[in-house]
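First chain A sits with chain B, and in the next complex the same chain sits with chain C.
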Partner chain A sequence: MTARRIAVDYMSRVEGETALDLEIKDGTVTSAQLRIFEAPRLFEALLRGRSYAEAPDITARICGICPVAYQMSAVHAMEDALGTRVEGQLSALRRLLYCGEWIESHALHVVMLHAPDFLGFDDAIAMAGQHGTMVEAGLALKKAGNHVLRVLGGREIHPVNVRVGGFYRLPTPDELAPLADELREARTHAKTLLRWVAGFAFPAYERDYEFVALRHARDYPFNEGRITSSRGLNIPAHAFSDEFEERHVAHSTALHAVLKRRGSYLVGPLARYNLNFDRLPGEIQDLARAAGLGPVCRNPFQSIIVRAVELVYACDEALRLIAAYDMPPHPALPLTPRAGIGHGCTEAPRGLLYHRYALSADGSIANATIVPPTSQNQLSIEEDLRDVAQGALALEDERLRALCEQTIRNYDPCISCSCHFLKLSVRGR
Partner chain B sequence: MAAHKPRLAVFKFASCDGCQLSLLDCEDEFLALAGAVEIAYFPEASSTMAKGPYDLALVEGSITTAHDAQRILKIRRQSKRLITIGACATAGGIQALRNFADAQEMLASVYASPHYISTLAKSTPIALHVPVDFELPGCPVNKAELLEVLSAFLIGRKPVIGAHSVCMDCKARGTPCVLVQGTPCLGPVTHAGCGAICPAYRRGCYGCFGPMEQPNTASLATVWAKTGATKRDIHRAFRGITAAAPAFAKEGDAHDG
Partner chain C sequence: MRRSCVIGLGNPDRGDDGLGHAALRLLAGTVAADITLLQRNAAGPGLLDDWRDFDKVILVDAAAGPNPGQIHRLEATSPGLPMPLAPGSTHGLGLAETLALAKALGRLPPQLVIYAMEGADYSFGAALSPAVAAAMPRLAVRLRAQLRVQSPVPAGT
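== the complex of A and B ==
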């Protein structure tokens, strides 16, 4: 019997702390594990007893990369529990804020974290030597996204302006106008990046995933829509726990979210795109086609192209929202605390993010459940690893390890997000 | 010359990654910074993960596991200078709310099999474990302050970081005081650095930069009570992002129950 082990003790260019372990016996991959050793932070427990109004500020701290996603799922769940609904321009401003986060997060991942895999560099700094224009375009895009977050949210990371019921202060049209100039430039950069990543060499790998994403009657999904899948799932947010569950898997350090009836599934840009291609404006669809994508993409390595498509879309959408902005009379809806249960599902840059809160009569949180995208994708990541590695066993260790890391980065995993569910694993062997 | 560039390392403990992301959020300065130092260890940004010793270590996150309590000792031994960045590293972070509760009970409420989990009862700042050369507060840190601290250490001078309250920055910014309008605000006792953004967005400061030097928290609590804040409101306010910072922990205790 021949045994081979491919290990990455500390994954780089992902958010948070994780390791990879691949066991190969007699030419068969027998085990592929993403071991997460990020320290648990117990968010769901520390939310108990806090006011409903504190949830956006507290849950933002789960993730420094996608705090707006946590704020958005939190406010929607709280408004659901309190029996109200934010609409019109307040809802449009939330969508604008989310555009800022998608731009910032996708630009970071496409250029600084993922592209170096395709071009054989350790990082974007080394890559800048040969691809300086692209690194600069990525940084300019990221800056534009961050600028939206700063103007609308007060700061880039952990914005302070998001409130259950709306905002604390509304931006004036004059404050939003300068963003438009920067976003128009950002849009050009995004198209440049899209053409660039479309030319990368992609491993010929496809898998028949069950894609899960929000779907809205009219729009490409950010804050609203029903939870749908490529195998016919179509449920409102409050039915999440009927269809999905989190399993404590013995080998792993994480709770894995699974579809009760079918097992693993995939959330994130690929799922959003595949389930909502018809919700993209014609011009964006044409750009996607020109970049070599069809209406459905099952190659996870091409998620970098989909992120670039979403970058162009998010710039466009932000521009559209700014142009249509009509300052509402009040920054937030009036709210009355009451006992109730609320659910919220929004599309974080990395995919579906579910929050559920039970409130007491005084508006205190009785209990909280948060299911981040990365714990939903973890099973798919491990299945990809097993498949991809099995098809590439002829590679020497170093190349195989690099391919495995790239396979994980396809998901832009955010370990900091998922870690509040995780037990600490003992590393090293 | 290139061989003598200072070696920079960025380490993560229990945290959200936001403070180290602030470094990547320096879009205009990042490539220049990368040219001025050797980024020897920064896993979030690079697959180059060089061994120590390092000239400067930036540490994000708090200590919450026995393993991490050992890891920070090793990092300190490898690092000529060590700077902690953010509320987690300097005060224990939001996860230090466990310090005031029954941590085992909290674990049982989150995990199906709590006996698998290895975590300490308290989340503690780095400075409780090793000597720290400079502490930069904030949740997240202000990126301009982060660049100032980096530049200062690279040149060998003392960083110029104000230790005054958020209140002073509101005055400088010309923001009308929200506290006198009846909005509970922690600005008078909170360390400056954020740019006094919350009052500028018409809400009270919620203390994410932690206590300023010698804050008069008791006096502020009295003002809050006069504007109608309940004991529970005051308790919650001090049990926030930097709950375990001694001044805030003490004031929170005073309004418990």
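== the complex of A and C ==
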């Protein structure tokens, strides 16, 4: 028997602490594990007993890259529990804030984290020598996205201005105007990046995933819509736990979420795009086609193109929302605490993010459930790894390991909210 | 006239990590009015924009080390960037990576000097530790001297 082990003891260019273990026996991949050893963070437990009003600020701390996603799922779940609904310009401002987060998060991943894999560089710094223009474009986009967070959220990381029922303070039209100038430039950068990544070489790999994403009656989804899938799922957020469950696995401190009846599924840009292509404006659809995408893309490596498409869309959408801004008379709806259960589901940059809260009569949180995108994608990541590695066993260890890392980065996994620079080791037997 | 700026890096709510901002407070009002003082919470690509218009840039940051209060002076443009001074974990780029990125993009300022002081205590909400607080006036003297020199002074001064 011949045995071979490919290990990445510490994944770089992902958010958080994770490792990869691949076991190969007699020419067959027998095990592919994404070992998440990030310490448990216990957010669901530490929310208990806190006021409903604190949830957006506490959960924002889960992630420094996508704090807005946590805030948005939290406020929608709380408003559901309290029997109210934020609409009109307050809802539009939330969408604008989310656009900012998609822009900063996608720009970071496309350029700084994922592109080096396709071009054979260790990291974006090494890549910057030859592809300086693209790195500059990515940095400018990230800055524009951060600027949206700063103006609407009060600061770039862990914004402080999101409130159940609306916002603490509303931006004036004069405060939004400079954002528009920067976003117009950012849009040009995003189109440049889209053309660039469309020209990368992609491994010929497709899989018949069950894609899961929100779908809205009219819009490409951020904050609203039903949970739908490519295999017919179509449920409101409050039915999430009827269809999905989280399971403990020994090799990961993150729970694995599965569809109860069918197992693994995929959330994130690829799922959003595939289930909502018809919700993208015609011009964005044309850009996607010009970049080589059809209305459905099953190659996870091409998720980098989809992210670039979403970058252009988020810039456009932000500009549209700014142009249509009409400052509301009040920053937030009045709320009355009551006992109840609320569910919220929004589209984080990395995919579906579900929150559920049970509130006591005084508005304190009795219990909380948070299901982030990366825990939903873990099983799909491991299945991809097994497949991709099986088809590439002829590669020497170093090339195979690089391909496995690239496969993981297709998902932009956000293990926690830290980004580590790398230590790699290979052990072969 | 060459334009100069001093950038203090760190989180003022994390004990000695606040020494960069504390240094700026000591400099305020005691250096020429055309010298820009910038507080930043962390290194990262934003620094490339911060120093875009300056010929001379001084970065002040806390460093890990066994001798709290000890001051290290590093030339960012000298070969061998101080990669060991990179913070263990951030959401983005640490100081060493930021400098490497700036170098790769051709966006290092003509003169960039780093003053790093070893800290002892990075507890939430803590004040500067006694050793670091005691060394701050010495750091300020060195920063003022650095601002007066017209060209990079040799390492070790």
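Please note the rule applied: the second predicted complex is superposed on the first by the 411 of 429 C-alpha atoms of A that agree within 3 Å, B and C clash if a C-alpha of one lies under 4 Å from a C-alpha of the other, contacts with A are read in each partner's own complex, and residues count from 1 in each chain.
One rule holds for everything that comes next: contacts are C-beta pairs under 8 Å (C-beta built on N, C-alpha and C of every residue); 3 or more make two chains touch, one makes a residue touch a chain.
Since this is a predicted model, take the numbers as computed values, not measurements.
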With the two complexes superposed on chain A, say which partner A:143 touches: chain B (first), chain C (second), both, or neither. both
Between chain B and chain C, which one contacts more residues of chain A in the superposed model? B
Looking at the overlay, what does A:255 touch: chain B (first), chain C (second), both, or neither? first
So, does A:65 touch the first partner chain B, the second partner chain C, both, or neither? both
May I ask you to decide whether A:157 touches chain B, chain C, both, or neither, giving the answer as first, second, both or neither? both
Of the two partner chains, chain B (first) and chain C (second), which one does A:365 touch, if any: first, second, both, or neither? neither
Touch test for A:190: chain B only (first), chain C only (second), both, or neither? neither
If we overlay the two complexes on their shared chain A, which of chain B and chain C does A:129 touch? Say first, second, both or neither. second
Partner chain in contact with A:198 - chain B first, chain C second, else both or neither: neither
Overlap of the chain B and chain C footprints on chain A, residue-wise? 15, 64-65, 108, 124-126, 128, 135, 139, 142-143, 157, 420-421
List the residues on chain B that touch chain A in their complex, please. 12-22, 24-25, 27-28, 30-31, 34, 39, 43-49, 61, 64-65, 67-68, 93-95, 97-98, 101, 103, 106-107, 109-113, 116-119, 123, 139-140, 194-195, 197-198, 200-203, 206, 208, 236, 241
For chain C, which residues count as touching chain A in their complex? 45-46, 48-49, 86, 89-92, 97, 100-101, 104-106
Please output the residues of chain A touching chain C within their complex, sorted ascending. 15, 64-65, 108, 124-126, 128-129, 132, 135-136, 139, 142-143, 157, 417-421
Residue numbers on chain A that touch chain B, as the complex places them: 10-17, 38-42, 44-46, 48, 50-51, 54, 57-58, 61-65, 67, 108, 112-113, 116, 122-126, 128, 135, 139-140, 142-143, 146, 154-158, 160-161, 163, 168-169, 248, 255, 331, 367, 405, 416, 420-421, 423-424, 426-427
